[in-house]
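Below you'll find the structures, each written out as structure tokens.
Next, two complexes with subunit A in common: one pairs it with subunit B, the other with subunit C.
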Partner chain A sequence: MSRRFDFPGGIHPPTRKARSTREPLREAPLPRRVVLPLTQHRGQPAEPCVAVGERVRTGQVIARPQGRVSAALHASISGIVSAIEPRPVPHPGGLSAPCLVIEGDGSDEWAPMAALAWRTTDTETLHRRLADSGLVGLGGAGFPSQLKARLGEHHAIDTLVINAAECEPYISADDMTLRRHAAEVLEGARLLAHLLGAERILVGIEDDKPEALAALNTAITAAQSPPTIELQVIETRYPSGGENQLIRRLLGRQVPSGGLPADVGVVCHNPGTLWAALAAVRDGRPQVSRVVTLTGEALARPGNVIARLGTPLAELLEDAGLDHERLARLVMGGPMMGQPLARLDLPLIKTANCLIAASAEELPPPPPPRPCIRCGDCETACPVALAPQRLLAFAQAEADDKARELALFDCIECGACDYVCPSHLPLVAQFRAAKDRLRHKDAEAKRAERARHRYECRQARLEREAAEKEARRQARRQAASRPAAQATPRGGAGGQEAVKSLRIAQAAAKAALRKAERALARASDADAATLADLETQRATAEEHLRAAEARLTAAQGDPQNSAEETP
Partner chain B sequence: MMSDVFTAVLVLLSLALAFGALLGFAAERFKVEGDPVVEKIDALLPQTQCGQCGYPGCRPYAEAIGRGEAINKCPPGGEPTIAALADLLGREPEPLDGEAQDAPRVAYIREAECIGCTKCIQACPVDAILGAARQMHTVIAEECTGCDLCLEPCPVDCIELRPREPDAWHWPRPELIASDRHAPPSIAGAASK
Partner chain C sequence: MSLMHASTAQAVPGTPGVMRWVLVATLPGIALMSWHFGWGVLANVLVAGGLAMALEALMLRLRGRAIGATLGDHSALVSGVLLGAALPPFAPWWLLLVGVAAAIVVAKHLYGGLGQNLFNPAMVGYALLLIAFPVPMTQWVAPLGLVGPEALSPLEALRQLAGLGPGLDALSGATPLDAFKHKPEGLMAQEFWAGEPLPPGAQAAWRDVALGWLAGGALLLWRRLIDWRIPLALLGSLTLLSGLLYAGDPSQHGSPAFHLFAGAAIFGACFIATDPVSAAAGRRGRWLYGAAIGVLVVVIRTQGAYPDAIAFAVLLMNFAVPLIDHLLPPRPLGRRQRETSP
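Presenting the complex of A and B:
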């Protein structure tokens, strides 16, 4: 592919992948106990649907998705649910989160779903199956896959990209998955392309994975069924596995700022996710395990294992020959974007693609930062063409709005700027903190906006009640003095004028209500808070309309109409 | 000669009439309801609807500011709100009139003590209290603005304000290096904007 279709910047860190690719993919031993956090994905936590003390079988649903962006959770071993309580989870702040604990009985008795032949099954059943299987993106972001599979409903998707670039050092989970299961991954891609309505399937793979490449070539030539699959080999450069970077490189399309790949007609999937999607449909096996790379100099037997979710990390690492003496740092994910873990008694989660048990010499702590010397190396390395040194200055000064103007939210936190910085400045950490402050500020602004709408709604209700009361009083008075009123028509020209302006007010209120109803109908797939806010605005408009109607009937002095208005 | 002058006058006159009619029509057709400046002021206020400014809500205070009222009467907004208002209206920022509030708060009803009088429900400016006569009341914490208007009417003093639970964990700010602790002038200048 020509350089014209390439993302700017990028770096070439030592890959250190050979260590974990020597041994073939193997099954990790069945854990005796698993701890399953209720949030292993983006969005709302799942809600437990089993009770403590209940017996569950492998693959049984134990927590259901809650809200639109959420994913189901399944028992990864058979046994007894022993607790639903907060436990330490892999979290950058070292926090605890609600978890479901299962004490295993060692039998691994399955409760699989019905197997489906996807080519002959209707799409709605397939969508439901993906949602029921708790699939999330296994590359690290953990976005629920069933939502990605439905992107075709609102976007015109022409290409499904299999993101096999795996550009981060150390990680080889996708590489090993493809070496053994290339055919399954491609079949999973055909399944998802079918659901998305994509005509083209493109595999993007870096040139440092010759075995996986050979396996893919064999699988592509062996396959008979359409659509055909294209393979594109790209030069190894970090971060070409970033979704937007890969799309730019393979297709020359630029995902807009703040947009999604779907906006340019592309959906990206990780090979592991595609394999899991096929297993969920073809074999009825929900997501209960994943491929994880165990590597680092503190391990005697590094390699890739298929491990059950919720397995304690200590068990996995012990099985790979962990040398506690040499372990200096434990990292989940890659060395560039992964997160350091402070303890070993944490569970394996859906988004953990790699565990690095590093020795002190291997990943030394960064030297103390020195002042920025304005060398501009970060700008050369940035794959999104941002200006990291200016962003850093604004983030340090907490001038977050300025940072937002410089497209802070386009930063993918890849760490290329940290890697090249000769002053060892913690750029990405500053960007994360600044983004967090901005998100918090936006949430507060949204909250204030909601309070304002609720206040307006209450004011409108009080006004309506006052107007209705006035209308009733008017009606009583007229009923009492009817003979006199009929003799002398009240109001005259001034009354006519008032009625006219009230009619206008009523028409305006009606229009406002229709507008609010339309806004509510349009936002039918927005999140719950937004919907509640729109509903408040609609209610406000309705109160205004009823107040206007009450005033109008009172002014027209028609006792029958006034009586109707009385609730 | 004269006819040229007449034509010019006629053309200009008809143009003036046409544009006048167009402007008049546009003024009626695209009439802005309410005062746009008040809308902008209202958007900057914190919408607690607490009445500490002496007005019955944020909107009335915004209208008063539009008429020339002081901009330093909003304790929940504090200094940032004063700065934003000063920036919008081109006035000098003044020190806050009243005590600044640090953390956001929510009302909490000690439910065992509640007698179900509905007085707090009537006082709540954002309809964030749920209950009925002689039934226990409770606060919808998500919607509560912490305005403390419900405290005063409660006959049994069973309502208190508690600090709002932080919504989520936040990424910590990395330690600044020694030379950055006193922000260099260029950055400080950008920050104050």
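Presenting the complex of A and C:
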């Protein structure tokens, strides 16, 4: 057990995991109907590719990814697509979002993809398979896995970290997955390490999971295939499973502020994701189910189940013996970072690793907040070593720029400060609000910048056109004032003038093109809309330049004629 | 946004609980002080505490705040008790009232109430009294004991509190720090102490009281209710600097032990400088804050006009807290320059 490195702060809340780890992992009953939100991942919603009334089989693609960051969606049961419409989804705002509803036929007839032997398959096929399988990070963030698998293309990745810390109280989905499927998880890790070009696989696991640890040890000794897998047991301390915290703890590397683990050569994956990746490749099974912890004092039979996506939460909870009387609070995710749900008729989504049906006693509402006494407990607990109490003061005063200077955006919203605050202040909620305000402000500033740029381009074009027009008018006037007989032989000053003004116009067009190209180069990492905008500007500028050059060539060849040529 | 809270999940005290612990931690110091200096100590503490609660309630009412919930956080009681313990025993009521009013009304509520005050309320009250009423503030009753034959009765304590009857001038004298401060220029320290400038038992009494405060501080540290950096830095810098001076010229300077145990150094280190509201917030800042108070205490004691200096040193550093917080921001993970990844 290496103690060389550590992350700052951290807390030791009661883990309350024992309740959900007594029974082994089991399959949840097949739902009769599933509701599949089109957004169950980070990024843009998927686009439905089936029609209402169409029959679908389990594993069939029903919505395709849209844009760069998105994930495909598959039918999680076989049946008839009965609706594509907004339905309530597990969302912090309690909103509805577009969903695809499938009425099951109870047969669970599969449409699997071809099984692939990943060691003998070319990497592009494997990448495509991951994308086709709709895999997202199952730890809760929901980032599309195929994008993470491609990080090796632009970053030198040396280590794949299996994040089995599972540090948040109540959640035991990874623990139970590893107890049963450690070999598959490790094989999935080898697959992704292969795609990333990582030479080393490191498992980080907290010391409160002896069974999972034993299973991992057995699986590691049994498998002889490279690369070697190292196991590091770490102290149980929340939030050791935070990506940056775990990387710091295991490898002593610091993920730079605003950066990704890939910037320090690391990619982290959750065990469940790795198992799903292996299933997608080896068995041709896309992501249609996930392991979810069902726990809380309002459940008579808590445990971990493999449940089909889109299963109504009520069904899952009923199956686990929900006592409606005792249910005071339903939480998706853990108690530190999860979100309270206001209703039971919501579907299970890809990022839901845990459902807590809590009684009033186990997760009581916090006592009313009192003034901050600057005790510094939050600073001691912060795993990023921020100064939460100072951030809070700025956030409450809406002095958001000050908060940004104090590294507001480095906050991982782990809730450790909320947990320890003796005055019960809602720190993370305030930080989120401040971040939202800042993001909004930044977006506004960007829009204003784009509008200003467009305006400037238009002004320049209008001026140029006015100059060209004026030049032509003068040329015409001079030509007209001269006797027709003299015009032809001498060419005339009017022609010279026209050529001169056209040269100016051509130079201006050249400058405009250069400016547009520079803007485009600068904005190479901007979002798609900005890029499209700038690309249009550049193309327009190029067009103008070509037109100006053509006119100039024509004018130099035959000054008189081209000058007379009117638009 | 955590739905779990330490106060409900692990029975960690919330703000009112923290304040209750601080009150408990003052008990050994107050008990030992009463034991040596008599009923006047208890009278001070109780009356100042009561006045603090009353003025807090009044101010909350004037400010249109909920009285019950805020009064229940005990923070005003803590300020009153600490101020009462810092004042000379058998102080008259008006002295207590002026001090507590300065602490609660001016230093606390005019700045916006709990959490908003820039200055330590108790020390604002103390400093005001020291400047405005230097004579009663520097007359310290001799350690006559609580119950002994020479002890003043509780009735006498009430009489003094009410401001009736003759004062206790005949029974009072300078504190050890005060006496040493006014030591005649040419006199060596050893000769000075040999002349028994203090009432009998005074030094031992002051040392016992300091140990009482130390016990309270240890309790707070054990419960992790105060940041250990501040007392450690304060007492460390005080010991170091007074040690250097003492090593340089033992005939004219007090020893580090004298500086630690003769005055309010330990009380200040454990109960005053550790007030989180008016202390620096960051970890690095707290080292600096504590150490600077220790240095200022020695400097004021040896070079300044006042024999003890906790109040002024703390208030001066309260001034500096916004600057310290600004100059020593936290170094978040991911932004630490010195230890970047290999």
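Methods note: the second predicted complex is superposed on the first by the 464 of 567 C-alpha atoms of A that agree within 3 Å, B and C clash if a C-alpha of one lies under 4 Å from a C-alpha of the other, contacts with A are read in each partner's own complex, and residues count from 1 in each chain.
One rule holds in what follows: a residue touches a chain if its C-beta (ideal position, glycine included) is under 8 Å from a C-beta of that chain, and two chains touch if they have at least 3 such contacts.
Here the structure is a predicted model, which means the values were calculated and not measured.
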I'd like to know which partner A:Arg450 touches here: subunit B for first, subunit C for second, both or neither. first
Taking the superposition on A as described, I'd like to know which of subunit B and subunit C A:Pro371 touches: first, second, both or neither. both
When both complexes are superposed, which of subunit B and subunit C contacts more residues belonging to subunit A? C
Between subunit B and subunit C, whom does A:Pro14 touch in the aligned arrangement: first, second, both, or neither? second
Per the contact definition in the header, classify A:Gly106: touching subunit B only (first), subunit C only (second), both, or neither. neither
Examine A:Pro24 and indicate which partner it touches, taking first as subunit B and second as subunit C; both and neither are also allowed. neither
Given the touch rule stated above, what does A:Pro426 touch, subunit B (first), subunit C (second), both, or neither? both
Contact-wise, after the overlay, does A:Met336 reach subunit B, subunit C, both or neither (first, second, both, neither)? second
Using the touch definition from the top, say if A:Pro210 reaches subunit B (first), subunit C (second), both or neither. neither
Is A:Gly67 in contact with subunit B, with subunit C, with both, or with neither (first, second, both, neither)? neither
On subunit A, the residue positions that both subunit B and subunit C contact, one per complex: 368, 370-371, 426, 429, 432
Would you mind writing out the residues of subunit A in touch with subunit C in their complex? 7-8, 11, 13-14, 169, 244-245, 248, 251-259, 264, 329, 331, 335-338, 340, 363-364, 366-368, 370-376, 379-380, 383-387, 389-390, 406-407, 410, 413, 415-416, 418-424, 426, 428-429, 432
Using the touch rule from the top, collect the residues of subunit B that touch subunit A in their complex. 42, 45-49, 57-59, 125-128, 143, 145, 167, 169-174, 176-177, 179-180, 183, 186-188, 190-191, 193
Listed in rising order, the residues of subunit A that touch subunit B in the complex are 91-93, 95, 368-371, 393-394, 396-399, 402, 425-426, 429-430, 432-433, 435-437, 440, 443, 448-452, 454-459
Complex contacts: residues of subunit C adjacent to subunit A: 1-10, 12-18, 69-70, 73, 75, 113-116, 227, 276-277, 279, 281-283, 286, 325, 329-336, 339-342
